[in-house]
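Before anything else, here's the structure in question.
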Amino acid sequence: MANSKYEYVKTFEQTTTLLPNTYIVVRVDGRGFHKFSTKHDFEKPNDRAALDLMNAAAAAVMKELPDISFAYGISDEFSFIFERSSRLFDRRESKILTTVVSTFTAYYLHLWSTFVPSKPLTPLLPSFDGRVVLYPSTQTMRDYMSWRQVDCHINNLYNTTFWALVQRGGMDVTKAEEKLKGTLAADKNEILFSQFGINYNNEPEIYRKGSIIFCDVSYPYHQEVPDPAALAVSKNSEVEISKTQKEKERKRRSKAEIVVQHTDIIKDDFWEQRPWLLCGDADR
Amino acid sequence: MANSKYEYVKTFEQTTTLLPNTYIVVRVDGRGFHKFSTKHDFEKPNDRAALDLMNAAAAAVMKELPDISFAYGISDEFSFIFERSSRLFDRRESKILTTVVSTFTAYYLHLWSTFVPSKPLTPLLPSFDGRVVLYPSTQTMRDYMSWRQVDCHINNLYNTTFWALVQRGGMDVTKAEEKLKGTLAADKNEILFSQFGINYNNEPEIYRKGSIIFCDVSYPYHQEVPDPAALAVSKNSEVEISKTQKEKERKRRSKAEIVVQHTDIIKDDFWEQRPWLLCGDADR
Amino acid sequence: MANSKYEYVKTFEQTTTLLPNTYIVVRVDGRGFHKFSTKHDFEKPNDRAALDLMNAAAAAVMKELPDISFAYGISDEFSFIFERSSRLFDRRESKILTTVVSTFTAYYLHLWSTFVPSKPLTPLLPSFDGRVVLYPSTQTMRDYMSWRQVDCHINNLYNTTFWALVQRGGMDVTKAEEKLKGTLAADKNEILFSQFGINYNNEPEIYRKGSIIFCDVSYPYHQEVPDPAALAVSKNSEVEISKTQKEKERKRRSKAEIVVQHTDIIKDDFWEQRPWLLCGDADR
Amino acid sequence: MANSKYEYVKTFEQTTTLLPNTYIVVRVDGRGFHKFSTKHDFEKPNDRAALDLMNAAAAAVMKELPDISFAYGISDEFSFIFERSSRLFDRRESKILTTVVSTFTAYYLHLWSTFVPSKPLTPLLPSFDGRVVLYPSTQTMRDYMSWRQVDCHINNLYNTTFWALVQRGGMDVTKAEEKLKGTLAADKNEILFSQFGINYNNEPEIYRKGSIIFCDVSYPYHQEVPDPAALAVSKNSEVEISKTQKEKERKRRSKAEIVVQHTDIIKDDFWEQRPWLLCGDADR
């Protein structure tokens, strides 16, 4: 039986291809995690095991998809940043997006019992939605990363103060909310310090800075990104060169260790010290 | 600390909204399932436990997302069809797509040990990609369903014959491939019958027809879809009416049982006997 | 000199293909026509020559693009509706959109001196922007048409009353605006009748109803759209049949006269009496 | 009469917003210009009046849309490049695309009689289609420009040789095509020189290089693009600064003369000597 009579329905498929030479960001978010975290008794304001599980799931995604240069996670969200020159799945949006979301979900479920052994999962199960955002320049991509880290700081300072008032100050949640309404960062720092003896800057970095995950390529790292002048000269043979470079780079990465750090990614230091993270940046 | 300096990066997000009044189909496909099924010793040509697991995961997705009218699965793929008038997530493509894919993945992982207790999962874990296709009319949507069921038939007849030759006929895979090259359905039926005494039509329906999943609403079902004449008269108050109808419908569904059947969905009978499956069809 | 070094830039082109089996509507709007009409002394509330020019330009577009079934114009806007089954330019959005807009603009400029001979054009020249909207069913497409005609009525009743107050009642524009603020249709009809002896229903239909343009195929028209029952039977040979039908239809249209009418397109009468306008409707 | 009943049809409009911080290129192409140029006796291989008309129409578009930084034209096509930071029409694709195409068409029609006074236009009228392409970096945008100029060279060398063979060598067109099949640039140069005494490099630059159009801002031009170090320091106040800068820039441009040049745009010289053309480049 030929299938030709119905095959015309394939013409209704519409494929979105992501603009070349842009940073692809896939951000994954927990669905209904407020409810989920309550049901599973997550510690407040931060549940270390749950964060470690997020990080482990993200690292697993990165191992399966080596075109991802780095990832940044806070709370129940994770952003995966693909190298600018990635041609994964011909840059088809749906394929890239769903592969990341599904792989992340699979490892989150699979690793749950390792990280949270005392609380078995029952439906409604944890799940994640996701979206793709493109950034056309290194500056805009870094500003995206900064945006997420600033959000981490704002939320964590608020949550730390809020739960201190509730858990240690005995305030009910409504009163705590009211007390914090309109307060500035300095006010919250002051509440923490004067009422609870907490110096916010001594709180664990994983809570204050979030988690950045990347491949720690073996040193010494030779800066292989050609400077603009060299680029201009070598244009004719560029395509061949960069292919070889990328192959080398890929092999090096596959041997490299995936590391998780909790550090400032807003200032230039982080990026200047890890030049391979932006190695696709001089690409056309 | 205000976040305004970096918030401009949010303007790079681009949202695709799915055209209203069209059937939304989300098709989920196993990633690398050829390798995965080999690694986990799936029975050939069909592994009943694996199919039952797919169906259980799909049914769980339908329970969480009641805007899905029905779903159809074969092998490692599942198609979810939303009712034409669905406004789920304001019809944002990424949100709908990733929610289905992630929820399906979560239940597949979670239910694995129930359906396949003897084979523990280890990385690489199973995962799924997905895509969205829109069908603007009932006829095109039904042709999509027919396309998948014809594919099920073509693939299953081939696989049944191929594995009979290999498993019972002692042929090696290359020879079996060669023997089947260019054969018609009649040829394969003949091989099955004369060499192995298999009447293909007696093979289990789940393998020959695939699985259709839907809510079996409690009978008697009152056909509430207005006929065109009535529609013309009642246009002015249609919006209000349909809202109430939909609410009722939703409640009825939530009480209804989700059933899995293995039956012909190409002919009209299936659809005519379950009018509620196309109940959004008379919508504008 | 080979061009291969730079040809990679072609991969940045992204093509949007319009969903098959939907009505394509291209709506063209005058850019800055408030200013343009003032500069060229258009008569208020309606300039007959300018409307006739719009209609002539639209008819010229339809002659060049026979996949357009009909078009509807009011004021400085025109909507072109393509038959549902059109495959023009493989349904590439940009190509369809810009071809309509450019052809319309060209004829508007070219025919200006014929319709408005006393007022030569000087920069800023008239120009038009455009957009594409898809409607997946005949009902939604007809509701679009109704929406435009209701808008025509609302705007024309307002404008007719407003300019009567100003031109014949000697009111200044601010006072006229204030007087009409919050008034209902009945109030405006009353003002027109009691103060100026104008029965709005006797105003020219071109102002009250707008202009619908279509091919008047030679009678008797044989309804060739198969009824659903016939369709079900003939499915197998449908593609071939419809190709021949369409070819015939195309030839008939090319001989047919393009007519401009000013009539009600909200009620069913208009469509029932011209069945060929929706002839692609039974298509899948 | 309220219009609310039908207004739901507006929800079917889908707006594509162009990714921020990318170069927007709108390329306009003559529709059926092979036929059109034959009908209107364009000189071969190049019709100077027709090219001047193209340039005049393009310059008029640039005057109406000051967000266009420069434009490049060859034969019957023109590419308009918007500054990277442009927010024209909120970067709505259809609006930008159709405005350029319609304005270009309007001026082409309007100026025809000035540039080609001896050949009155009659239907089929000239018209243009268009498309939008985004380039995320200065290098990719410049490679696009280079691609078009290399194309200009390849086509013009071929056409010059072809028409020399036909017009001066008395060859028929089929023979001339055959003779040129598979020839390299050197071969064509040799044919031109040895058979017709033509040194290709002495051909008019407008034919060999195409036409680049831009605003010649009044010298001395102060490079206002901040260097990266300055940018890093001034980030906080950047938005305000750049607004003022842009306003100044805009005023300067509005006084500036639009110039047409026929020069090499592949090498760096052109761009280095006109730094204002890429002035939006340091933007995020």
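A, B, C and D label the chains in the order they appear, each numbered from 1.
Note that a contact is a pair of C-beta atoms (placed from the backbone, for glycine too) under 8 Å apart; a residue touches a chain by one contact, two chains touch by 3 or more.
Keep in mind the model is a prediction, meaning the values are calculated, not measured.
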item: Intersection of the contact lists for chain B and chain C; value: A, D
item: Chain separated most widely from chain C, comparing mean CA positions; value: A
item: Rounded Å distance between chain A and chain C, as computed from the means of their C-alpha atoms; value: 49
item: Interchain centroid distance [CA atoms averaged], chain A/chain D, Å; value: 41
item: Approximate Å spacing (C-alpha centroids) for the pair chain C, chain D; value: 31
item: Two or more partner chains touched - positions in chain A; value: 8, 12, 14, 16, 19-21, 134, 140, 143, 284
item: Chain contact topology (line, ring, star, complete or other); value: complete
item: Residue ranges of chain D touching chain C (in the complex, touch as defined); value: 1, 3, 6-10, 12-14, 16, 31, 60, 64, 94-95, 97-99, 101-103, 105-110, 121, 123-135, 140, 143-144, 146-147, 150-151, 153-154, 185
item: Of chain D, residues touching chain A in the complex; value: 19-22, 134, 136-137, 139-140, 143, 232, 268, 284
item: Contact footprint of chain B on chain D as seen in their complex; value: 5, 8, 11-12, 14, 16-17, 19-21, 235-236, 284
